[in-house]
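One chain, subunit A, links the two complexes that follow: it is found with subunit B in the first and with subunit C in the second.
And then the complex of A and B:
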């Protein structure tokens, strides 16, 4: 009876009380990713979206943002939004690797979103930052330093979980390590983006079904399906 | 019956009410008391009645004295109900003109019903009529209605006592039991009031006392419990039959110290046989199909219908679990919907591996109720009554467990499954707390402030702790999925719970953090008593009730409301919902789109957008606030547009004194210059901008106007003549001076006319030819 009116005026933040799982994807789209890597990445992200859309709870809990670094510098491809409103993006490879700038952009977007959550009375789990690169950062050194500091600080204060992932053998491990002091960076097995994003969507599902404040136990066994230690 | 008051058109759809009214008009004498006539809802009622009375050619009867009473109120500037009173007067006048109104009693009768009842006109006249005719008597005076009902009890014709229900604008039939209960409540209110009792109230009290001694009433209250108000249910205290000891656990204060892993040689899986032991009974069952695996173990369907088995993971098979399950099984816990452990399971090596329980069905509370989008998909037809019934079902099960000293411990929406409002299953029961065995898990949102940041396995919870979880769960059912302390400014949930920042208002009390969007509306539509209890549980404030009593906060372990109190409250609310829904249909909706209608307010449908909105009885808006704003804006814009149009109309064309071109001079510009008392411009915009001089000192007004340009050769000649001849003589100078004083005005007045141009051109041409 009165429900119809509500479905039309649906304020995504206010009307959906589900505890959110904020996920930042910070992806390398520089020239070196050209060809198969960027193809697989596109397919992986698209699969990520559909997997989440298929899960009843994750659908309303996932809150996704994408920042890229490649041609056109570092940019925010997708600001935080629920999966319902999202279309799978399409990346093309090219340009340099301003990783620091991109991470800063992602962190800024996260801060803005947390503010919006607070204003609408929405709870959220500890946010995730997925950082994927296949080379070394060659953007502004100060920006990189600032990004590293911010993430390390947040991880220490248990405000952020970072997944640094290297693609291929040319990825700069040392830099990735600096972003997440507590966790060794993993190397993606070949170009198994699909497996990674499948694991990621399952982790989001699992998290969305737990309760805020619980320590989320990630499927460590499942990681073996897509990643290996360097 | 859906409440409405919007005229005859709406009533056509409310067939049931109309039929009842029609049959009443056909068969009864209708008498309306003065106090009912003055009620705001009476206007609606009379409007509803008019067409029926006309059709059946029946009249209504009102006290003669009521007409003057009505007029008195109409002229009273402080009276709030003027709009509706006008409606009433119109209806009465119409009825009078159609000769469908009769009068009872005398003009001088007192209309103040609190005067001596013995003389009350109605008490004398009405029974006289009621002996031979069916009567419908409408008054707001409960005591009068009750007395008449008692007086007409033996009569053969039917006597219907009713009063006007202001919320719906309809009449509501009253019975003795209901009236008596309300009268007793009034009596209590008057005698408990801290203000001194007025004369009128004293009269009422006297009347009530004499009614108490009335033999008929006494007999009725005793003989027919159904006549007694339905609200008088058996209180929860008496309905707790004492629980037999074979079902009840003891209350322990000491944690059990049993620990240690019990190694097993193998874990049974599908198609394996196991033994199930309960007390002295032992039987063999087979695990048929794997259903699910969780963090602790796997669940299998068995060859016993309706029974499933949970087999723990190796590392979870501990002495502690074993002893706990043994204890649980030792008592006869049997409640439909609670999947309590039934028997212990051992593998073929007689090693303890798990337990059996009844099968659960349905979807988790989290998935189908706590996510509004999924709720609307799963249960699209649910109303408030369903969520309240769901709460009642859950509360009854919790009560069952609490009465037997079982503490659930981890009440959360993932381990309550819902099939329908009356069919609910509790799962993960092996984690419940019994005697010295704690519940080792918990959920942050549902954990009481005093238990936050503690390791759940290290302490025994009390019912007081649990009452917090119960309150939170109920809150999240009533406001689907919204936790009471959701993100109220602080960074995390724990801080909000501990600091008790409850954002929802009670009456005037609020903490400033108003919840956003539709959650305000949902909160507003709950009954006051429910809101009060939530408020007292979740905030640190105390509340003053209508009798000016101070109710302290109930937010600590010792003072929280128990499951019995919640059950009582919700059952009462379930009963009241029908009435609340009649008053304001949106109170039945799960997601209302506006605030609750107050007592002196009414619901209207916006004439523009169709949305419902609330207005006070004495206002006459027809559109909702947003549409009114929009309309006002559009009106203003229209006004501006018309103004602009008018101002853009050309008043006159003026010839520019510099370039000689004609330019438009609009109404708007004219008004501007008039307002400022300035002369109209003589130069076109371009020349004004370029600063072309007015040529006061050198221009030749008439000549310029006539020839059209300042620079044409004739004008040049005339200028030379002026400069070289006229200005050199005194006479000439005077002439020039006068000329320049007069000619601008001349030109302004006549510059466009043909005769002006004609004459002066001739004159000037002559002059020029002489000069050349």
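And then the complex of A and C:
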């Protein structure tokens, strides 16, 4: 019956790509994360991938990249991609805390991705940078300074949303603050990585369903489930 | 004679969250002016569903009452200021009545007004405005988004004057206009190439041939069953048409217009080109009333079958005919 009523059929529609929500996870995998913290982080990231995959809208919209600082120095563990066909990476703890280098790697990846989107007509929302650490950075000081400057400027120009999250009592709050003008760093409650990533996947889902002019409100109540103010 | 239709349907996201449809459209014929207007209320503005209604009503009335003056005015800034001024005055009045801020009534604006072979097109924000020129579908005004998907300009934005795309001109070979919101854009506008779906040609043709009531009910059914399934957003469209693609339209074109429309690459004055155009017209006349297979066309007009196949391929490439299940017909 519909065939007779419809002036246009599904196979005639233009196939535009889904609007993406780019999310950079910049994660501390240094030696101090060894033991329960790294195990919980692995479980949390894995759960994040599953939760996104289970969400009919977010699974096409989420565009995830992971940079780590720790064992192996600062590196891009996974360049931007949809999670549909990907397995969550497995992290092991070790090494130093070259946070600045890792943030710069993540920001470079983000710039490249935005260029790819522009060239292929893919719309995207304001990207997010999740920065998680349990210590203080001890990589190259100039790299750290450059990372802070780039991030803070992008936040100020409304080109990036940053979530600075400290793990445990040794996380360097002052450095995290510098990355995020306007948004106070949060402290992860215990090792509630799972709750955090659950909240993150829900926020990605909500954002992917917003339309032009709509202010994307983060679920602040939801944050209480995993984070607290320092 | 111009005919117009429009429709808007509530988006799936809004149905789920119990939010009213914020897209509004209006077709108006007044003082010999045909107007189609569309306003997409801002998701962030709490009364934008009302704002969008005020915008389409005010703009259509203003354009139909002032078309000649607006068209003749050589200063585009003055035209923009007068159109925006009328809308903002209405929104201010309504915001006072409702006890809300004017920004609570924010929306985009897209319109086409036509009178005596002249048109005025205006656009603020996202959505697309297109037109069918002869047999060629073109974009008049592209979506104006910011870097991010949820950014655009609204009629109440500070930079609305600068972001106001305004065009005027002679209708000449244009046979239809279309305006659509960003929800509809997802299905009928190719973002990468910045081009409109060919199905728009059919909609323009049917707007002219169908009774308004019939066309509008089919349009609503199509938008509910097909178009809105591709997005979470509200979807709307308005179409203004004075014909459809057929033999009569193409035959009435000048020689050069036919040459351009058929996308012929040999020199226009060559006898080969002249013969080719005559041959193409013969084929088009043959399929004018009903779709035909190549054998049926061959039986009717003769010639060499290989040449006929080549010519049909060329006409398919030119975009004026289509093939469905081995039968050829005009794309409308």
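In this section, the second predicted complex is superposed on the first by the 212 of 230 C-alpha atoms of A that agree within 3 Å, B and C clash if a C-alpha of one lies under 4 Å from a C-alpha of the other, contacts with A are read in each partner's own complex, and residues count from 1 in each chain.
Heads up, the rule we're going with is that a contact is a pair of C-beta atoms (placed from the backbone, for glycine too) under 8 Å apart; a residue touches a chain by one contact, two chains touch by 3 or more.
As the structure is a computational prediction, the values presented were derived from the model and not from experiment.
In the superposition on chain A, A:60 makes contact with subunit B only, while subunit C stays out of contact range.
After overlaying the two complexes on the shared chain, residue contacts for A:125 are found with subunit C alone; subunit B is out of touch. In the superposed pair of complexes, A:182 makes contact with neither subunit B nor subunit C. In the superposition on chain A, A:11 makes contact with subunit B only, not with subunit C. Across the superposed pair, subunit B and subunit C both touch subunit A at residues 2, 5-7, 14, 16-17, 57, 120-123, 209, 211-214. Across the complex, subunit A is touched by residues 11, 13, 40, 42-45, 48, 106, 125-126, 145, 147-152, 154, 182-183, 186-193, 197, 199, 202-203, 206, 218-219, 221-222, 225-227, 229-230, 232-233 of subunit C.
Residues 2, 5-10, 12-14, 16-17, 19, 57, 120-126, 159, 209-216 of subunit A touch subunit C in their complex.
By the touch criterion stated above, subunit B contacts subunit A in their complex at residues 366-367, 370-374, 376, 380, 412, 414, 443-445, 480-483, 486-489, 492-494, 503, 515-519, 586, 589-593, 611. Put simply, subunit A touches subunit B in their complex at residues 1-3, 5-7, 11, 14-18, 56-57, 60, 117-123, 209, 211-214.
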